[in-house]
Amino acid sequence: MKQLEAVNDFVIKFANINGSGSASANLMFAKSIFRMGVPVSPRNIFPSNIQGLPTWYEVRVNEKGYLGARGGVDFMVAMNSESMAADIASIEPGGYLLYDSTRELPRHMRRDDITLFGVPLTEMCNREYNDPRQRQLFKNIIYVGALAALLDIDTAVINDVINEQFKGKEKLVIPNIHALDMGRDYALEHFNCPIGLTVKRSDQVGDKIFIDGNSAAALGCVYGGATFASWYPITPSSSLAEAFGSYCEKYRIEPETDKKRYAMLQAEDELAAIGMVIGAGWNGSRAFTATSGPGISLMSEFLGLAYFAEIPSVIFDVQRTGPSTGMPTRTQQSDILACAYASHGDTKHLLLIPNDPFECFELSAQAFDLADHFQTPVIVITDLDIGMNDHITKPFEWDDSRRYNRGKIMTQEDLDAGRDFGRYLDVDGDGVCYRTYPGTHPERGSFFTRGTSRDPYARYTEDGKIYAENMRRLDLKFETAARALPAPVTQIAPEETDLAVIYYGSTSHAMQESLDQLADQGLTLNAMRLRAFPFSPDVKNFIDQHSAIIVVEQNRDAQMRTLLINELEILPEKLMPVTYFEGSPITAKYITAEVLKRLSPNKVTPLRGAQK
Amino acid sequence: MKQLEAVNDFVIKFANINGSGSASANLMFAKSIFRMGVPVSPRNIFPSNIQGLPTWYEVRVNEKGYLGARGGVDFMVAMNSESMAADIASIEPGGYLLYDSTRELPRHMRRDDITLFGVPLTEMCNREYNDPRQRQLFKNIIYVGALAALLDIDTAVINDVINEQFKGKEKLVIPNIHALDMGRDYALEHFNCPIGLTVKRSDQVGDKIFIDGNSAAALGCVYGGATFASWYPITPSSSLAEAFGSYCEKYRIEPETDKKRYAMLQAEDELAAIGMVIGAGWNGSRAFTATSGPGISLMSEFLGLAYFAEIPSVIFDVQRTGPSTGMPTRTQQSDILACAYASHGDTKHLLLIPNDPFECFELSAQAFDLADHFQTPVIVITDLDIGMNDHITKPFEWDDSRRYNRGKIMTQEDLDAGRDFGRYLDVDGDGVCYRTYPGTHPERGSFFTRGTSRDPYARYTEDGKIYAENMRRLDLKFETAARALPAPVTQIAPEETDLAVIYYGSTSHAMQESLDQLADQGLTLNAMRLRAFPFSPDVKNFIDQHSAIIVVEQNRDAQMRTLLINELEILPEKLMPVTYFEGSPITAKYITAEVLKRLSPNKVTPLRGAQK
Amino acid sequence: MTYVIKPRAYHPNLPKNELGLTRRDYEGAVSTLCAGCGHDSISAGIIQACFELNLPAHRIAKLSGIGCSSKTPTYFLGKSHGFNSVHGRMPSVLTGANMANRDLVYIGVSGDGDSASIGLGQFAHIMRRGVNMTYIVENNGVYGLTKGQFSATADTGSKSKKGVENFDASIDLAAMAIQLGASFVARSFSGDKEQLVPLLKAAIKHQGAAFIDILSPCVTFNNHKGSTKSYDYIREHNATVVKADFIPHKEEITTRYDAGSVQEVTLHDGSYIRLKKLDDNFDTSNRAAALQYIQEHQEKGEIVTGLLHLNPESTDLHQNLSTCDKPLNELHEEELCPGEEVLALINKSMR
Amino acid sequence: MTYVIKPRAYHPNLPKNELGLTRRDYEGAVSTLCAGCGHDSISAGIIQACFELNLPAHRIAKLSGIGCSSKTPTYFLGKSHGFNSVHGRMPSVLTGANMANRDLVYIGVSGDGDSASIGLGQFAHIMRRGVNMTYIVENNGVYGLTKGQFSATADTGSKSKKGVENFDASIDLAAMAIQLGASFVARSFSGDKEQLVPLLKAAIKHQGAAFIDILSPCVTFNNHKGSTKSYDYIREHNATVVKADFIPHKEEITTRYDAGSVQEVTLHDGSYIRLKKLDDNFDTSNRAAALQYIQEHQEKGEIVTGLLHLNPESTDLHQNLSTCDKPLNELHEEELCPGEEVLALINKSMR
């Protein structure tokens, strides 16, 4: 048997039971590799329940910095007897297995094309500990110790990580390090360490940070000046709201009084959550809510109100696998259409689409400026993969000279100066009107906000011409917005090509890797990553400049492709969909294979009959 | 001044105050013309309030049977002093005005290019009646009498209509006829009767009937076997639900017991209304709800559940002007996208699109067969214009040999015979699976319905491949449905042409008229009326056979065009939008003008730069 | 409606309040409701209350849902910002607005369809959160704007104009508000200005969730035999238990009221209301007793009006959340953004 | 989960009910809830109740919303059709199902998040409509499935695992159900099978809207100091007022219970329940008194359990609507379609 061999390039997967305390041990493992300067991308695959079911933690280690899911498992840490058979079957030939050898590995699970490391974890823990809690918890630390030896991870680094993790609870450090040592010692004693897969210190991480997208977005809201958040718990968005609360408790306390410079409410449902955001936005506060697919559906009526009455509001949609409750702990990019056109009647919404925690921070902060400027809902679309997994990402940036753009506000001074105020009067010809904050002026500037039609001075009307004029202005406002939203990111290949790929969001990492793979196979593609809707004129130009374009996305119905065709009036044939919608993150391998089915590597003709 | 002259071809408009009792008098007027065999199309233009505001009743009389709104007013009956100035200003030159001359017509309202008929209505009523109620109500009857003389309407016919209207309250007949006579006598005495505009008996009505779309749809539900309806009041759909209740009280009473063979609930909101329908559909009852735009938004989450869990359900969306509360008493076709793709995740829904009361009846009844067969929501889309106005339409048809198609049901016998039952097992390869009604069999056939992913045997699963397989099957089901839905109606012009128009729903009447107008101007167009989504293969063929196609619709964003481009992969340039969205029904005049802007009458080239 | 132009006649001798404003300064556009609608009387009551309380109108925010009742904010306080939101969702919009600026006065207007049917959930949750506001339901037992269907407050056994009988249990929003923790709960009748205006004033001054269920007959769809919300029925069955008069801190007008069975309750801003109890055993601070009282009278077919419950120790949502005194919508970059340096530290902690 | 395979051991001596079925025949899939979760005890109670009532499982429909509690229908009555709908909307789905087939038994399972937050409106309206069903809330004061946020039934003043304090007023669903007109309202505790099973049986047999609020501690997120829904807190503060035992009509087992302060209430199907009142003044037919009792005990920090309200004259929605006896989903063309001839007449009337 040929054992797999690689330095800083493998996938290790931990099969655990949820609620068994493995999560923090596994994170420790991943973080240690990150600290050794080696790019690492862990992904949690968990069931929609709380305790007792199989859960996996997949860690990709990759020197080149490919952070997308790779697929396949080189090393399996099989700690769950229920899923063990399937787990073992999934290991690549030549791969490795670490298991609890207290109980013998059932015959039918054995494979002779993989290398087994049996560590009697239960036995070791039972011998060492009396408390059942400790017996359970330290098992996880012991296997991390064993892995350190097997994969040649620097023990000092792990110790550091442990020290940090238990900051404030120092007396827990020693027992944890002890457990770690037990594992390492056992491995060193019984196995040939290190094995073919190893981790080697590198400089590929630089000043990058390690954080999940939801925390990053929450921090963006703090920096962006959000003062009000309402939310209703829903996986995978809950941690965004909760992180906002935590950051605010640190950074938003009035020093003199200890009082809060923000308010946060857990609403009774998503309809209330968005209603509160709209109320706060109307009243001049920067406000947001975070939700996932079902919440977007429930918010549709209110989103139409905010569009039509022009109320700034920010909504995070951390997407999960739909439709309906779908697979609530799996990822997907399938709310694109639901968000872009949410609500009955002629409606459209601004979308921002970050691709990693760095952009979650950036675009969240920017979302509030855009919502205020364009006086309309801004939906920031991420997904479970970005939101709930830790990612290596550029450090966050902020410039203290940056000012919030509160949009066109008519102040008391303006009104006193006699400026004509019509809430829906397009004085600048860009479709964007002035508003007043309620309470501004004793005599002038008050207006009535409603979801029914009204004239430029906010007076109720059922005059069809005035109604239509206003609808056209709203359209114009969107044209204005298309030029102000974050531009797409274009990547032009060194060799000339008239083929290209368009992608967005969490597909980015897999896409980068796939582009390299395709280039290796002789297929050069230009690439554009979308970051916002309505689309910048650049997008249309890019499409016009190529003869055939692949649109890669993680949903069944090629929803972004629909938006592109519809909004930019593109010949549908020109945009070939590559879709993946199994709920796990898309891989470079999948993209590469699908692209090659549609485009031949000789760079000449798109293959016909490419199926959707 | 040249007075307008026409026989059976004019528009008369009644300007009233709502709550003043004018509606039944106006209807009497329209119905009398209908009874004389002359096609007539009345339209109610009413405010979103209950009493005291301007309301109009516009009656188009047209021998040729053009039933769409025409635009313009030839004869104004101005009964509302508040809107009087604007009403008078809107009369075509050469037109006529009937007003209450008890008070003199203000000087600034006078026009010398129209003919005035002052009838001292208030004075006459005050003289004749003491009861203030009567004084108010008979005013309306008196002006109908005056119109009868002016327009040469057969008094016997009006008398018949009055007799029918007061069936059961016979003692009201005489005073009404008396009032009518008062009006007629006054006119005969004071004016030159008849005037240039007259009604003449004709045979253009034949066996047609006169009914509103909501009543027709409700009757379709009765014939289609609906046993459960839940609804939440909303204009313009309320009368559909209410009519269903009335018909059921007549036709759905168990003779032996006087008990009801249906159940109807006014739900607490639209979420509950659709939830009830889904519960009833799951349990084997044919069920529907009726709503308008805001209700569709609120129902989105549940629609996704019904799509994914595959529950038959029928929803009527009687569209009004959006977005948000918009213009709630005006018409539009702007919920197309919201309905087709309602809900987060990858979802699609079957749509049926009737164009008049006849089809409201037909397609409503059929909707239940389709919902049962395809086990999915079917949304029947109409609008305020079809739903709330009386239309002349073909008599309803039913064949007693027709059986309900309850779809693929696994019965107790099937299960006893040992047939394998997997709720989501595609045994026939058409994407449509078998279901059991709850309670069917003591041992076999029960299953668990959910909005989360499951395997073909309805067992919960988080396996991405199984999930994806199921999503593909749902797609296949839609392909199957595309071939089973009501086919589009194609109209091939006598002269050959490669230009065409596509339209749907309430645009039909105006479109027919416009096609004639365009033909007169030398522009021959083929035409296709869509009646369902997903689109039949005929639609794609039709588009392929033409070089340029105009898509006419009553919304801003050309929503049906979006569906066509996206679902059929059409070159966008080929489909040129003509949109109208002012809330009043689209007119032939508008369509003709817009089509001519896009297509030159020499039938060769579509004009470029046609704006959307 | 664009058609209605408001006549603004000039009356030099109109009485003025402390701000030098007349009652007319608190009016709004001309109503488009049906002549005689109870809702218009409530608008007049709100105008009167705000005038008497010397409130600057522009510091009031008026919010509503959808319905005839929800249209009324257009017809009062023309200088206030108004928000006619979507059906049944005024409470959430008001909550958010209140969070953004704690310094305005919030008046929420709703109907029984708006609050007891589609909006019941939001109604309940705004009460339990203790949002500082005056929440008014203009309760007519029907859906006025959609032409007379039953609402959830229609009494069991009542018949609609079409003769349909209502079998569902009726929802008593005032009882519900008490149960849900609202700290000020009253009921009144649109035609009884003497009771209504003082209750409105007290509610507006109350710091916390104040709710008033105002029976407001729909002349068009519900003033008929069989309806238990019609003028006639209410006049007959009205069991006024408590008369309330609000006395502003500065000018106590105790003389206008008889002594005797009088109860003073101090409000949070230092002002207090005086209660004249008609029922000797009635104690507005006891939720359990109030609930029982309402329920028992309801079973007798009587409608209890007056101040039903007042929690003198109420707090409001801002207090509970301990938000800062400065309105959130007035905070600036310096107060909101932790800045570059902090971000550098955060980045560091993420390595 | 696809991973869990249910062990179906064979026990030849298991007791059988009148249908010849064992308790196992009423079981469902193996639970995937946390070990020790109160919800599992409730599932066991439902299994026991249906077994004892000799109900054919396939004639039961079990419906739920979303949450740990709402998952449980998978874990009982494997031969029944089940419907795990969307969050907070079980009541409407159950109502529709019930309308379609009046002959099945309907059990609705929900959580406190599902019913008191997002679903409060539907909860209230299904109660006031009198839908014939047993509506169970498995009440743990938290959102279990989304990891322990407060629900609206969390008591004011309780602290979450993260130490956040809850200021909002707590919603008492049982009190609300009484106020909303439910004709059978009880409260119990998941760990108290002796009280729970008889209540479940009585509720299932009740013709009308039966509601049981079952306190069901979440072992994972709420069994900690500060929570008032934890096992410890409830054991301490539980003030059992009424013990209920359901006695099916055929075999009355009065001997198992002491005589004394016993109250018999006849149910609609002829069976009745016997109440052993611990509190002498307690009368289950008096809504007002029940509300006051609950409220007063709540103010003392006590949780009242037992049968709180029973309206012996309850009707159900089908009766109110006077739907025919044959289930609507069994009606055929001939019964539903008025046919050609009638249509010809209708056409005629439209000319």
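Order as written gives the chain letters A, B, C and D; numbering starts at 1 within each chain.
Here is the rule we go by: contacts are C-beta pairs under 8 Å (C-beta built on N, C-alpha and C of every residue); 3 or more make two chains touch, one makes a residue touch a chain.
Quantities reported herein were computed from a predicted structural model and do not represent experimental measurements.
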item: Between the pairs A-C and B-C, the one where more C-beta pairs touch; value: A-C
item: Farthest-lying chain, centroid of Cα atoms versus that of chain D; value: B
item: Distance from the mean Cα position of chain D to that of chain C, given in whole angstrom; value: 35
item: Centre-of-Cα separation between chain D and chain B, whole angstrom; value: 43
item: Interchain centroid distance [CA atoms averaged], chain B/chain C, Å; value: 39
item: Sites on chain C at which at least two other chains make contact; value: 1, 86, 117-118, 120-121, 124-125, 129, 152, 321
item: Multi-chain contact residues (two or more partners), chain A; value: 47-48, 268-269, 294, 301, 305, 324-325, 450-452, 462
item: Parts of chain D lying in touch with chain C, wherever the complex brings them together; value: 117-121, 124-125, 127-130, 152, 156, 167-172, 175-176, 179-181, 287-289, 291-292, 295-296, 299, 315, 317, 320-321
item: Residues of chain B touching chain A in the complex; value: 47-48, 293-294, 296-298, 300-301, 304-305, 307-309, 321-330, 332, 334-335, 337-338, 341-348, 450-453, 462, 464-465, 467-468, 471-472, 475, 555-557, 559, 562, 565-566, 569-573, 581-584
item: For the chain C and chain B complex, residues of the former touching the latter; value: 1, 3-4, 32-35, 66, 68, 71, 86-88, 113, 117-118, 120, 143-147, 149-150, 152, 220
item: Complex contacts: residues of chain A adjacent to chain D; value: 19, 47-54, 82-83, 232-235, 238, 266, 268-270, 294, 324-325
item: Residues of chain B defined as touching chain D within the complex; value: 35, 207-211, 219, 222-223, 225, 227-228, 230, 251-252, 254, 257-265, 267-269, 271-285, 287, 301-302, 305, 395-400, 403-404, 436-443, 445-452, 455, 459-463
